[in-house]
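Next up: some structures, all given as structure tokens.
Both complexes below contain chain A, partnered by chain B and then by chain C.
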Partner chain A sequence: MARRLVPIILALAVIGAVIGIAAIMLVVLGQDWEDALFWILAAVMLGAGLLVVTMRDIIRCGLAMMVCFGALAGIYVVLGAPLIAAAQVIVYIGAISVLILFAIMLTQTKDAPSRLVFQTQAVPAAISAVVIAVVIALSIGATDWAEVPERIRLATDALSQVLFNDFVLPFEIVSVILLAAVVGGVFLAKREPGGPS
Partner chain B sequence: MSWQDFVTISPLVAGILTAAAILVVDLIQPARSAIAVATALIGLGITAALTLIVGLNPASAFDGSYTVDALTTFLDILFISIIAMTIVFGPDYLVPRNLPVAEFATILVFAMTGAMLIAASTDLLVLFLGLELMVLPGYLLAGFHKTDGNSTEGAIKYFLLGSFSSAIFLFGLAFVWGLTGTTRVDEVAGALAAVVAGAAPLSPGLAMGLAFMTTGVAFKVAAVPFHYWTPDAYQGSPTPITGYLSVLPKVGAFALILRLFVEALGPLSDWWLPVMIVLAAATMTLGNLVALTQDNVKRMLAYSSIAHTGYMLVGLAAWAGDPSGRIDGIEALLFYGAAYAFMNLGAFAVVAALQKRTGVTSSLATFAGLGRREPMLGILMTLFLLSLTGIPPTAGFFAKANIIIAAVQAGGPLTILAVIVVLNAAAAAFYYLRVVVYMFMRESATETPALRHGALLWSGLAAATALTILLGFFPSALLEAAGRAAQALVPG
Partner chain C sequence: MSDSLDAYLILSGLLFAIGSFGFLARRNAISMLMSIELMLNGVNLAIVAFGAFIPELGAQGSVIALMVIAVAAAEATVGLAIVIAIFRNKKTPLVDEYDAMRQ
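Here is the complex of A and B:
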């Protein structure tokens, strides 16, 4: 039982730490409430993400992932990209998470454990993840982002203008990639006559 | 999209339509592999013809994100011939194992359109999408033998690491876009030239973006230390697909490197040159050393393909390190890509032909006594292996010679790299020639009758052989084409 609580305690610790930083930032540096909202959402996202990789029951991992996606959608709203937030909710929370839960439901048999079997290098992976995160955070912090002016307004009409004029070629190519993926996916999923059912 | 734009991308459209046509033909005439192969070859022929016609007039489409120049035409023709040969080699191996030829051909042609897109794109976003279109079919092909556990294992490893590397590349691309404000290759080059000239500071975010993009690309070409997925993916895949995986995604990734590192990051070449030198030296040395210890021919060829990646990276480094800006290094890289493609496909075709009878492994023992059992295949395999070693007068000799000459011309640290290439080529001779020794000087433990091979396989082998020999005797024609392509990439 204690072993099960470890991931949850870990996630709560991360959430607490991030909110703590946020509180310090708000009180000492005088940031506004929009920033506070960002910090809270980021804390939830990090905590949920940590739960996804540390919890042992795959269904709970899937549910934690939905929370993670939801927090990310909230961050998109805070950043002023409502369209992407809506797409995030519809596609990731609505479709992909349900698909994942369905896949788990359909592939699980009684004799196969739902425990994760790939966690053999968790410690080195955790160390390198933290190191890379620190490097990214440091270089983002050291970059002078003020020099970057606001380039694209992400309002829906502006986005569609960009998508169907400047980026029409990439837009069409994505459809070809999806076609290739569908062909291959159908082939891989197709049941062979005489193969395992 | 104007009519002119459509004409410019017509080879790409023809490729996509070919893939669709194979599917439709297979729907009407199910499981008739000869018809599927014929459809594919006709479609590829039309695509090649369109490529050559469109290539006569260098043009730019879609507001500068798609460019047709000598480099595009050179690489497109190379990609089309690689795919045509792979499709021709396939049925001999696939049909006895009840694997569908039509799906195989369709997925291959999709991958080809991805590679063609990379060769033509002058926009980082299109470059990324081309990369995805090229490698996604590769994951499917690696797992093509669904009932074989090794195939599935290799496919999953390839898929996971490949997706991670794509994500890393995209992450870096987002940073470069955010800090330069553009995804157009020439505008990125302009922004970076300003950084080099000291007009703008190199922000840590931009440096990190470039580092992530380099890492992503190194994964795709399987440069050491980003090569761990290669041996498993190559050994597990059905043999004709292994041949394909060791050639098209590799040459395609080098097309990406040319567009990215030479065209977009060219101004920064002094900065990335040390990285390339270390990558090249580590890649060829480790690839060859591990290949020495393999007793499975497929796995050996997988490690040797890592080593060949290293040689090609030397060509890139030779261009970047040349003080007078000569393009010989890029020319040598392009020539090497073409020569490597044909000899490696040929070698894998022989391995696949031996495995026509199901259950035959690709271990070295399979090759014992092959010279007596099937003399023709033995001689062809010897030719391809000699070419891979780099012995004159084969294509492989001139490919290596050009790389070494370009590196020596560049001088400085590149001279040391040239010495490493020579030492590696000598070490590689050991494991290539060991297969020859097995074929002609060992007796087979079990007496197996010779197999009958289809006309398709023989015609494909004839094409690979002809190209390997012709490029060895008359390398100048291809060298000139490679020179024009390099000229288009680096004007002046």
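Here is the complex of A and C:
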């Protein structure tokens, strides 16, 4: 009974910590509401992303990936693109995560949570990832993007005007690509009669 | 801070770096696919941020982001189907034991 309560208490502690940090940022530091939201969502997204690539149990990696995508949908809302956020929730959290969780359940053998999570090249991989992050950050800081200082909040009807007038051919091509991918996925994952079981 | 393009771009760069580390370092094929999804999401965040801060782009940034999401869904479908097909033959999800083409 006590063991069952531990995850619930942990989850409540995490939620309380997030709300507390938000309250501190809003009240004590006097930051904007959107700034506080941005910081918290960014921290949740990066933390969940790190959990995805480092945790041992792959089912938990998949669940952390759903948390990461949810926080990213929140960042899209802060950024002023609510339609992208809705598509992110429906496609990534609703479809791709479920697909990945099913694939995990189909491909795990008993000894699969094995001794080694990482390959032998994990240390060079970490170094190269840090180098990539530093190079991207430096080049972002060194470039003048000719940006406006205020976010442009995009109305959904303006977006759909562009999508179904200027981009109608790519839209149709994407639908054909999706159809081809679905047919290909069914063909690849289908069990051949008489083949290896 | 939430009103500067640089913050969003650095965030997307960090997400991309985390995904690239996972892709290079994990042994499990499905973990590698999850890392690819993280990298795609990082790039998508950069595209939406450019669309939200550069007025010349207008709505095109969001449209391109929607296209990327759709193509990522197709990629996930085919990639997971390939992993399942390989798993049926090799009985393991670990990529360093896929050595049929090395012999």
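Here is the rule we use: the second predicted complex is superposed on the first by the 146 of 197 C-alpha atoms of A that agree within 3 Å, B and C clash if a C-alpha of one lies under 4 Å from a C-alpha of the other, contacts with A are read in each partner's own complex, and residues count from 1 in each chain.
Keep this in mind: contacts are C-beta pairs under 8 Å (C-beta built on N, C-alpha and C of every residue); 3 or more make two chains touch, one makes a residue touch a chain.
Model, not experiment: these values are computed from the prediction.
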For A:98, is the partner it touches chain B (first), chain C (second), both, or none of the two (neither)? neither
Query = Thinking of the overlay built on chain A, is A:122 touched by chain B (first), by chain C (second), by both, or by neither?
reply = second
Comparing chain B and chain C in the superposed model, the one touching more of chain A is C
- Message: For A:144, using the defined touch cut-off, is the partner it touches chain B, chain C, both, or neither? Pick first, second, both or neither.
- Response: first
Quiz prompt | Which of chain B and chain C A:176 touches, first, second, both or neither | solution = first
Query = Who does A:52 touch here: chain B (first), chain C (second), both, or neither?
reply = second
- Thinking of the overlay built on chain A, is A:188 touched by chain B (first), by chain C (second), by both, or by neither? both
Q. Where does A:21 make contact in the superposed view: on chain B (first), on chain C (second), on both, or on neither?
A. neither
Request  = State whether A:168 touches chain B only (first), chain C only (second), both chains, or neither.
outcome  = first
Checklist entry - Counting only touches as set out at the top, which of chain B and chain C does A:39 meet: first, second, both, neither? => result second
Footprint intersection on chain A (chain B / chain C) at 136, 140, 145, 147-149, 151, 166-167, 170, 174, 177, 180-181, 184-185, 187-188, 196
Given the complex, residues on chain B that touch chain A span 1, 9, 16, 19, 23, 61-63, 65-66, 98, 100, 103, 106-107, 110-111, 113-114, 117, 123, 125-126, 129-130, 132-133, 136-137, 139-140, 143, 146-147, 178-179, 181, 201, 203-208
Residue set of chain A touching chain C in the complex reads 32, 34-35, 37-39, 42, 45-46, 49-50, 52-53, 58, 61-62, 65, 68-69, 72, 75-76, 78-81, 83-84, 87-88, 91-92, 95-96, 99-100, 103-104, 106-109, 112, 114, 116-119, 121-122, 124-126, 128-130, 132-133, 136-137, 140-141, 145-152, 154, 158-159, 161-163, 166-167, 170-171, 174, 177-178, 180-182, 184-189, 191, 196-197
In the complex, chain C touches chain A at residues 1-11, 13-22, 24-31, 33-35, 37-38, 41, 44-45, 48-55, 58-60, 62-63, 65-67, 69-78, 80-85, 87-89, 91-94, 96
Interface with chain B, chain A side, in the complex: residues 135-136, 138-140, 142-145, 147-149, 151, 166-170, 173-174, 176-177, 179-181, 183-185, 187-188, 192, 195-196
